[in-house]
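Next, two complexes with chain A in common: one pairs it with chain B, the other with chain C.
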Partner chain A sequence: MNFNVLAKRHITLQNGKVVVMKRSTTPLIILIGLILIYFSVQITGFNMEAIIKRIDQFFVILKEMMQPNFSYTTKLWQPLFDTIKMSLLGSILGAIVAVPIAFCASSNIIKNRFIVISSKFFLSLLRTLPTLIVALMATFIFGLGTMAGFIAIFLFTIAYVGKLLYEQIENADMKAYEAMHSMGLTTVQSFRYAILPQVLPNYLSTTLFCFEGNVRYASILGYVGAGGIGLLLNENLGWRNYANVGMILVMLIVTVFIIETISEHFRKKLM
Partner chain B sequence: MIEFKDVEMQYPNGFKGLKNINVQIAQGEYVAVIGLSGAGKSTFIRCINRMHDITKGELIVNQTNVHQLRGKEIRQLRRNIGMIFQSFNLVTRSTALKNVLVSFVPEMPLWRKLLGIFTQEEKRKALTALDQVGILDKAFVRVDQLSGGQQQRVALARTLAQTPGIILADEPVASLDPMTAKQVMGDFARINKEMNMTVIMNIHHVDLALAYATRVIGIRAGEIVYDGQASDVTEAVLSQIYNGQQPVEEV
Partner chain C sequence: MHTIEHQLSQEPTRRLSNLATSIIIIALLLWSVTAFNLSNLSENGLTIAKNIFKGIFNPDLSLLFSITKQGVPYLLVETMAIAFLGTIVGAILAIPLAFLSASTIVPKPIAFIVRLFLIVVRTIPAIVYGLMFVRVVGLGPFAGVLTMSLTSIGMLSKLYVDVIEDLDTSILESMESIGCTTFEKIRYGIFPQLSALFISIMIYRFDMNLRDAAILGLVGAGGIGAPLIFAMNAYKWSEVGAILIGLIVLILLVEFISNKIRTQIVRG
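Let's turn to the complex of A and B:
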């Protein structure tokens, strides 16, 4: 921040010494902030009037959600289990497939730079694709239903676990790996017996954490027709059946909480 | 039998690690390689099992020309050469036994390699190797719980389980205290005698080298400047090897 160079203040002390003081930049920053807010209000069409007029509607919906329709639960179990199933299967298979890709992306194991760079590029490409878009594309290919959701979660898990795993591998202690090479083991064998034991606890922990997040994502995937409980959420919101929406949210919150607690317990044990 | 014929080893950056090396080491010898840091001791040792590639000359280990080997043949060569490192190079998260069992991996069928399942016979052999270096009671202890001397013995047991003809040791006692260093040196001497394994060892502790090894090779600036019986090494020889510098007495 050097735009206040011109605005220096000189204070002369009684004995004639001159002290140069920099002016504070805070007022200028606040001014810029205010100008930016003004323009963003103009661009987004923010309307204070609408907020004040319509805010009570928000509480109406919230009030209806607060009285969840408990009789609706019987219809929820199946889609809820579908959601959990597709995130579990996607997470497990994704985490398994992530291992060979992470292996190829580790510059300390693979000496061929082309393989390393293309594997890393593949992983970052997968990470950049939003899960919702992948799920939408998967519905075009595999049809509506949990299969599409599974594919979306599977691909996201590969990208997420793969990225964290190759970083772990690149930071692993290479001494035992070197020793195993000197004993006549191949690269893959040395990796299996020297590097894998080091990264395994972290890998499992990452996979569990990813599974946790996937259950949450999976509940939204129904929006694009990828099956599970999101489908019902979308339907009931469309019908303005807020009591049912409330019930779905309660079920989701409880499920996610239970899964997170279990996963957290095991992740702590792994550390 | 290991034979160096006019061997030269040049690093990719142009630095010559070894120059004009001519030496023969017979099966069952106990050789200590001494010299300043950076003189080429490690390079010398690592050429023998192709951890480094030589750039000129011939290096023959048990009638095979090491430089001509490819892929699988290199691994075959390494199966017969054990290697011990200064920092032990063990998988610290695993138990001593598991570290030793890795020696058997190359000979296992694929499914057992993947799953890491070892037979009763392999476990018996690994435990025997641990017993030979006197740490059988530590077999089920995680390596990071062991002392430095015990860790180096696990590494030695891992090498023994390989039943190699040659053991290369790269500063095996440099990170051990003097007492433990003596014990480990004794282990090497015993293995050398009882099993007729060739031991080639880089070592900074000249007194230990002279006490345990039968032959001493002195390397200075990539060249062999002394090669003879350990008993013939005099102060004059040492100052020649260390370029006029007297070796510092170990505390």
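Let's turn to the complex of A and C:
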């Protein structure tokens, strides 16, 4: 970091040369950090005593979770599949819808500044809205169930894939595109044959990565009533039935692990 | 022309693999399409949707700018404090775990076990931790801090490990050859290589924690989430609008600043 206000030290060497040494900014950064920590501790009511006294409670809960209730599995398949369905449908459709929006948000393809800036703003606005809040709003409109979860994941995927895709498009090699344009192809045609092949592997890889994350997200969306396994998670935590919670978490971890392994395999192939 | 046609005919035919991929994707899509059902659409869904948009575009300005403890600015500061403290605690706890899971430093079996542990920590949703900590230390922002610390550990140590495994060890060898002690080797050989990237990773995680802290209020762990949910359940859409606008502005601002700082740090 460059703070010009800080004094520089001048050192005169034996041969009379003057060397300027920049003062280190580390102490200043540490000081600011400590002040911020102090105020955060005040605001959040950080209480070391409470942790030390009550932390055993945490391990009591953890121990109950460690003995998962395996007979509960039969009731879990349907919600688990609902969760996967929600994230799969949301990811696929979201990734498809993201393409035209990213196309409009790429400043090197669309020359109209207004369209570019409004599409970019739209994408960052979508990305900032917390998924859980979107899901909650969707439950008010579409009722309880997987539809609300699908909407939340769909919107998040558009925002995430859209942003990464337009960055890819803006960094793509424009020579082939310009050559095709000069030959008389329309913007969409030259985009299809010059830009799309360049960004396609990365686009697919991003979509897969987003799908992985979406499965994790989808598992908690049920918490607000948006369908899937989160609903059961919420119920069992409420009833303090930690053995069932443990079973849900085990299934979730295994599912996420399997999906991640498959998706990583394909992403490595795409690279 | 003939050469080009010849080259074209040499292109491998991928028809079979393309067909297989399309069939798999279409099958998955058809399987998952049952998630899309409008049967639960409440009859006044459209009215509610209209009210939501009306409320968001007509935010409750007195709430947005009030400086009391219920006002949006204070709640945002509280959310930021939760995210900040959680990031710091998580970042410190993640350092030893990262070294323990770096296969260049510890034996492979230990690294594998620690990695497995980190995957488990990462997969459990933040809300579950939140509920557990609320049971432990009671409702309030403190439970949020503990939750943030625990959820940060997983991703932070994963990113730390990549940096640690890229350490340039030739520097350590040359320092050893001129007779440096272990402490000096760590202070002047390892620390400068890691500090900039570690800080950059921490700032990135703070950015993410801020978004997560905003929803932790859902389980009563402090921050702006709880008032947001209350306002939603009471259908007070103008309050929801005020809170959401504050949150969005804060997140966009923090993202912008953190990107600026991170490029500065990594460039040196």
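Going forward, the second predicted complex is superposed on the first by the 229 of 271 C-alpha atoms of A that agree within 3 Å, B and C clash if a C-alpha of one lies under 4 Å from a C-alpha of the other, contacts with A are read in each partner's own complex, and residues count from 1 in each chain.
Criterion: contacts are C-beta pairs under 8 Å (C-beta built on N, C-alpha and C of every residue); 3 or more make two chains touch, one makes a residue touch a chain.
Predicted model only: the values in this text are computed from it and were never measured.
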{"item": "Clash-or-fit label for the pair chain B, chain C on chain A", "value": "clash"}
{"item": "Which of chain B and chain C A:R54 touches, first, second, both or neither", "value": "second"}
{"item": "First (chain B), second (chain C), both or neither touched by A:P100", "value": "neither"}
{"item": "Which superposed partner A:F46 touches (first chain B, second chain C, both, neither)", "value": "second"}
{"item": "Chain A residues touched - chain C or chain B, whichever exceeds", "value": "C"}
{"item": "Partner chain(s) touched by A:Y193 [first = chain B, second = chain C, both, neither]", "value": "first"}
{"item": "Partner chain(s) touched by A:A179 [first = chain B, second = chain C, both, neither]", "value": "first"}
{"item": "Which superposed partner A:I92 touches (first chain B, second chain C, both, neither)", "value": "second"}
{"item": "Partner chain in contact with A:S219 - chain B first, chain C second, else both or neither", "value": "second"}
{"item": "Stretch of chain B penetrating chain C in the combined three-chain arrangement, among 4-12, 22-30 or 130-138", "value": "130-138"}
{"item": "Those residues of chain A which chain B touches in one complex and chain C touches in the other", "value": "none"}
{"item": "Chain C contact footprint on chain A (complex, rising order)", "value": "1-2, 33, 36-37, 39-41, 43-47, 50-51, 54-55, 57-58, 61-62, 82, 84-86, 88-90, 92, 124-125, 128-130, 132-133, 136-137, 140-147, 149-150, 216, 219-220, 223-224, 227, 230, 233, 237, 245, 249, 252-253, 256-257"}
{"item": "Partner chain A, residues of chain C touching it in the complex", "value": "25, 28-29, 31-38, 40-42, 45-46, 48-49, 52, 77-78, 80-82, 84-85, 88, 119-120, 123-128, 131-133, 135-138, 140-142, 144-146, 211, 214-215, 218, 222, 228-229, 232, 244, 247-248, 251-252, 264-265"}
{"item": "Chain A residues touching chain B - in the complex, by the definition given at the top", "value": "173, 175-176, 178-186, 189, 192-194, 197-198"}
{"item": "In the complex, chain B residues that touch chain A", "value": "49, 51, 74-79, 81-83, 85, 87-94, 99, 102-103, 105-106, 113-114, 116, 155, 158-159, 162, 168"}
